[in-house]
Each structure stands twice: as C-alpha cells, then as structure tokens.
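In what follows, chain A forms one complex with chain B and a second complex with chain C.
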Partner chain A sequence: MNAWIVAACVLLPAGLGPCLWRACRGEPAQRLAGMSLAGVMAVAVFLLVARGVHRTSYVDVALVMAALTPAGTLVFARCLAGGSGQTPQQWRRAGDQGRG
Partner chain B sequence: MNNSPGAVDFLVVTALVLVTVAATVAALTRDPVRQSVVLSVLGVCLALLFLVVQAPDVALSQLAVGTAVTPLLILLTVRKIRRGPGGSGDRGQGDDR
Partner chain C sequence: MDVRHGFAVALLVCGMAALLLSALALLALPTPYARLHALSPAASLGVPLICLALALDAGPGRAALKLLFIGALTAVSGPVVTIVIGRTMAREGEQPGGDAPGEPPA
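Entry: the complex of A and B
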C-alpha cells in the first residue's frame, strides 16, 4: 500500500465522478467541458497507477491519452459549432468574407 | 510485485462503477450528439478499467478508438444527415430517405 495508489484511489472517484455527472447533463456544448476535464483527470490517474504498481510501461497510455484528449476536444468543438444552425457552406462563406 | 491488492481492487471496483454509470447513461440518451459526448467519457472510463486490470495495450486501443474515432464518426454522420433537408445548396430532389 503505497501513497501513489492511495492517491489514485482518491482521485478516481473524486475527479472522474463529477466529470461524468457534468458530461451527462445539459446541452452538448456544456457537456464538452466535462469531457475535457475527464481526459485530464484520466491522465493523472494513469500516471498515479503507473507509479503505484511500479510499471513504467503504463506511462505510455498516459502519453497517448494526453495527446488524444485535446484533439478530441477540438473535433467536438468544430463539429458542435458547425452543427448549431449553420451549414458548413455558410461557415466557409463567412470565413471567406472574414478573410477579405 | 502487486503489494497492495486492496487498493487495486478498490480501483477496479470504482472503474467498474464508472463504466456502468456511463454506459447506462449512453444507452438512455436519445439525442445522438449528446450521446457521442457520453460515449467519449465512456471510452475514457473503459481505458481506466483496462489499465487497472493490467491490460495496457487494450487500454491504448480503446483510447485510440473510443476517444477519438467513434464520436467523430457519429458527429460527422449527424451533420451529414441534418444537412440534407436543412436547405444547403447541394441537396438533391428532396426525397426523405
């Protein structure tokens, strides 16, 4: 019983539970905040578990998670912004007019 | 090597509870856009479960598929479907297939 895995035991329910609660309620754009924070909390739990069970190869999972979470958030933000009333043609037209 | 079985068991049970809650909410959500967000969180919880039962390669695959690819496919499909009768320029004869 080392301190790292105790910290993971505390952070898993206390960090991911409210994120899951936030991601399950409200509008899709509000759920996005819960999803993004859940990714960050998962990276922390991955690192704590890797340190706690003395397996350094588990750090690779945290690395992949940290690389994929901002990409997923960007994908969601782009798709949710495009899906709220405006068609992609209107989006592109507005962007072209904005550029001059 | 596993010098703390109680704490690891607690981690497994907690991850199982999180996966159960997320999967139930994902099954009960009707709107596909909201469902895709819940599915993404479900992918994160599943990756955590796979890691604490000592399957990090499965967790890597689950991260790559469940966090990025599946919600992206759902969102692109929803956008393609909603663009049809929405009045953009390139729609066909307006048949409601």
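Entry: the complex of A and C
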C-alpha cells in the first residue's frame, strides 16, 4: 500500500461518485458535464493504479482513455444538437423568425 | 524518502486537491452553467499535476515522456469539451417552444 494506491482509493469514491450522480440526473445536455468530468477522473485513477502496482504498461489504458473521452463527449454533444451544424446565432435567428 | 519522492508526493497532493474540489463543485453548485466551471480545474490543473508527480517519480525516460503527453492531452481537451458542452446547453435552452428554463449563458 503506497501513496499512489491510497490516492487512487480516495479518488475512486470521492471523485467519481459526484460525477456519476450528476451524470444520472437532470437534462441530457447537463449530464454531459458530469460524464466528461468522470472521464478525467478515470484517467487519473488509471495513472495512479498503474504506478501503484508497478505495471507501467497499464499507462496505455489511461492514454487511450484520455484520447477517447473528449471524442465521446464531442459525439454526444453533436447528437444532442441534432446534427444541424448551426451556430447558436443561427438558432436564435431561426427562433425569432418562428415566433414573429 | 529522498527529495524527489517528496516533491512528487507534494505535487500529487495538489493534483488530488484540485480533482476533489472540482468534484465537490460539480455536486454543490446550483445552476448548470455554474457547474460547467467545475470541469476546467480538473482537466487543466488536476490531471497535469498528477502526471507531473508521476513523471517526477518515474525519472527521466520514455515513461515520463508518455505521462507528460497524457497530461498535455487532457489539458488541451478540457477547455474544448467545456466550450462544446456550454454551446450544447445554450442551444437546448434557446430552442423555440422548448420548456427548458431560458437561462442566459454567463
């Protein structure tokens, strides 16, 4: 039991818990924040565990996670936006025209 | 415990504090736009500090370079993801006819 393992054991419930709680409640676009932060926490946990158990090859898992988490969040945000490709200004203009 | 390990543990404690504070902010802040602010300290301060601590503990070599690369990747992707989530939330809040609260994007 070294400092890295202790840090990972602290981070697993105290860091990932609030993120998963936020990712399970609220509007879909607001859950993305919790999910993204959960990915960042998971990268940190993987790095700490890899150092704690002295398996440097496990760092590759954290590297893949760090590359895939932002990509996944971007894809989810794109899906939530409906794939229209419009900027917020265009959305606002379309909404004003729809009301007027 | 030599000096290098001491520095590494100090950096680890700083990174852990940033990560835990941002998790606490995600849980405690009331509005969705305020909660977005919890993402940046974790991605651009917490994980890079932990990577720096691990690289310092690993010593010079390929392993340290890989750890620093992971830290840089997270630090770059954090603001991008925050901007995208903010844009998505603003777009959903401004949909015509949507019953979501029209909160101004701060």
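Please note the rule applied: the second predicted complex is superposed on the first by the 82 of 100 C-alpha atoms of A that agree within 3 Å, B and C clash if a C-alpha of one lies under 4 Å from a C-alpha of the other, contacts with A are read in each partner's own complex, and residues count from 1 in each chain.
Here, contacts are C-beta pairs under 8 Å (C-beta built on N, C-alpha and C of every residue); 3 or more make two chains touch, one makes a residue touch a chain.
Everything numeric here is computed off the predicted structure, so don't read it as measured data.
Trainee: Clash or fit: how do chain B and chain C relate after the overlay on chain A?
Mentor: fit
Trainee: Per the contact definition in the header, classify A:L68: touching chain B only (first), chain C only (second), both, or neither.
Mentor: Only chain B is touched by A:L68; chain C is not.
Trainee: Which holds for A:A42: it touches chain B only (first), chain C only (second), both, or neither?
Mentor: first
Trainee: Look at A:C24 in the shared chain and tell me whether it touches chain B only, chain C only, both, or neither; answer first, second, both or neither.
Mentor: first
Trainee: For A:I5, is the partner it touches chain B (first), chain C (second), both, or none of the two (neither)?
Mentor: Touch partner of A:I5: chain B, not chain C.
Trainee: Scan A:G15 for contacts with chain B and chain C and give back first, second, both or neither.
Mentor: In the superposition, A:G15 contacts chain C only.
Trainee: So, does A:G52 touch the first partner chain B, the second partner chain C, both, or neither?
Mentor: first
Trainee: Superposed on chain A, how close does chain B come to chain C by Cα atoms? Whole Å, please.
Mentor: Least C-alpha distance: 13 Å.
Trainee: Give me the intersection of chain A's contacts with chain B and its contacts with chain C, in residue numbers.
Mentor: Shared contact residues on chain A: 16-17, 19, 28, 32, 34, 69, 80, 88.
Trainee: In the complex, go through chain A and note every residue touching chain C.
Mentor: 3-4, 7, 10-11, 14-19, 21-22, 26-30, 32-34, 36-37, 40-41, 43-44, 47-48, 51, 56, 59, 62-63, 66-67, 69-70, 73-74, 77, 80-81, 86, 88, 91-92, 94-95, 98-99
Trainee: For the complex, which residues does chain C have touching chain A?
Mentor: Against chain A, the touching part of chain C is residues 9, 12, 15-16, 19-20, 22-24, 26-27, 32, 35-36, 38-39, 42-43, 46-47, 50-51, 54, 57-58, 63, 66-67, 69-70, 73-74, 77-78, 80-82, 84-85, 87-92, 94-97, 100.
Trainee: Enumerate the contact residues on chain A facing chain B in the complex.
Mentor: Residues 1-2, 5-6, 8-9, 12-13, 16-17, 19-20, 23-24, 28, 31-32, 34-35, 38-39, 42, 45-46, 49, 52-55, 57-58, 60-61, 64-65, 68-69, 71-72, 75-76, 79-80, 82-83, 87-89 of chain A touch chain B in their complex.
Trainee: Name, in rising order, each residue of chain B that touches chain A in their complex.
Mentor: Residues of chain B touching chain A: 1-4, 6-8, 10-11, 14-15, 18, 21-22, 25, 29, 31, 33-34, 36-38, 40-41, 44-45, 47-48, 51-52, 54, 56, 59-60, 63-64, 67-68, 71-72, 75-76, 78-79, 82-83, 86-89.
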